[in-house]
């Protein structure tokens, strides 16, 4: 959306350190593939043990990536000493998450004093082409770290 | 809510067979622990590789259980030859998912002709006591199986 | 859900005074018909100018009542000097809002320090019988009044 | 998002006729101010009787415009003989709806066979400048008209 004010010059180190502490992201093989103020992209390669009944990415993986991209987009904008916790999100599933790579792109809509609002789109890449498979809208509460 | 009309006498076999085909549920160690018309309970023991930064269940696991409990509650009520796909859900996180067991209880609010609506609560059991950690509200589309 | 702690003994006066200041509730003819800690019920009689294409209550009226019942349920539990603002809500429409009276019942799920979570069901009363027509799940931020 | 396929050459007449049949839109003084395939803009001038406690547009008006813009964006894309009903939506409130005009812009994200997904942003215009005050994400079911 708009340009964002960075309140923590060390945001990249902070976001990456936070991400590294989340064990489940390692479990599913997801990594940060782009990061800038107000934006975070995550990617995870397909594995059969992440699949649902048709061999596509399970909706739980899609939601996990959508949520985590939203949160880490937000973390680029908080002050030192602040963190964010998920209050809630909504996710709409748009097409099957079929492909070799799942990509979530989260962006902040509003970095408020008490509450952050962010949005992410999730794409499945199949044979090199990306297709939108889900979109989410999320609310975060600002907390002391 | 209300009593439900069962349209498929073999619903239990169908729901369990469908569940068994979802690889990711096996990956996270979740099992069906209660099932009746319009209702499904899932449980998953804590493992460190399912954790977030504080060693609680990751929000992605909470959402996965909430979503899957909703869907399998719905599948108890569909006709033979019908299935359900997640259209969307919203989940509110209420308290940290800290404990040895995560339990999701999904119930159908409306089994419609085109659309099902369901709701689930997720509880974390710690030292034997259950605490509500999330609640979800979901929409499903009826599709041919 | 649980029993709630009342933090403001004058909560009823506060909630009713707040309600009276919201001009749009007067415009649509909605009144508080029940109030207790953590709970608020609103009712609005049908009028043609509140209708949609089939002569039922418009979805905007359903959402307005759902939202306002949630908020005023929450306001029964805040401390003196605190208020609540809507962060977001989701509403599922379950059946047509056809009838002579629309009734929304909101209850608090979690009265947190920073954030309140509440839920409401909306019923249409037709020939004396109530039917569930919508359900909502909402998030509120605690603010200084 | 993408370019859309128009399935009903008379879509504009159909959408405007449908809109005219919704009495509540007339009650609040909202009109269609832009319409094209997959997109609908609605606007409503401020009136005191549409206000909340601070004299801004009430959240119910914001939600009504968000929802109606989503639905009428969708109606531009349905086949002759089809309609849409709101299944659910989520709305995040981002800033106070303060100003002389409220504008909702809805766009279709996916016009599916059974389900449409759409999104709208709501802006308040104050002294000529627009400010984003809410964003919504909605699901619609395709029904026979």
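A few points about this structure:
The letters A, B, C and D name the chains in turn, as written, and every chain counts its residues from 1.
As a convention for this text, a contact is a pair of C-beta atoms (placed from the backbone, for glycine too) under 8 Å apart; a residue touches a chain by one contact, two chains touch by 3 or more.
Just so you know, these numbers come straight off a predicted model, no measurement behind them.
Between the chain pairs A-D and B-D, more C-beta pairs are in contact across A-D.
With centres computed as the average of Cα coordinates, no chain lies farther from chain C than A.
Inter-chain centre distance (chain A to chain B, centres taken as mean C-alpha positions): 23 Å.
Rounded to whole angstrom units, the spacing between the C-alpha centres of chain B and chain D is 33. Chain A and chain D, compared by their mean Cα positions, are separated by 28 Å. Among all residues of chain D, those that touch two or more other chains are 87-88, 90, 92, 117, 137, 139.
Across the complex, chain B meets chain C through its residues 90, 92, 94-95, 109-110, 117, 119, 132, 135, 137, 139. Those residues of chain C lying in contact with chain A across their complex are 87-88, 90, 114-115, 117, 137, 139, 141, 143. Residues 18, 21-24, 26-28, 48-53, 58-61, 63-64, 67-68, 85-93 of chain C are the ones touching chain D in the complex.
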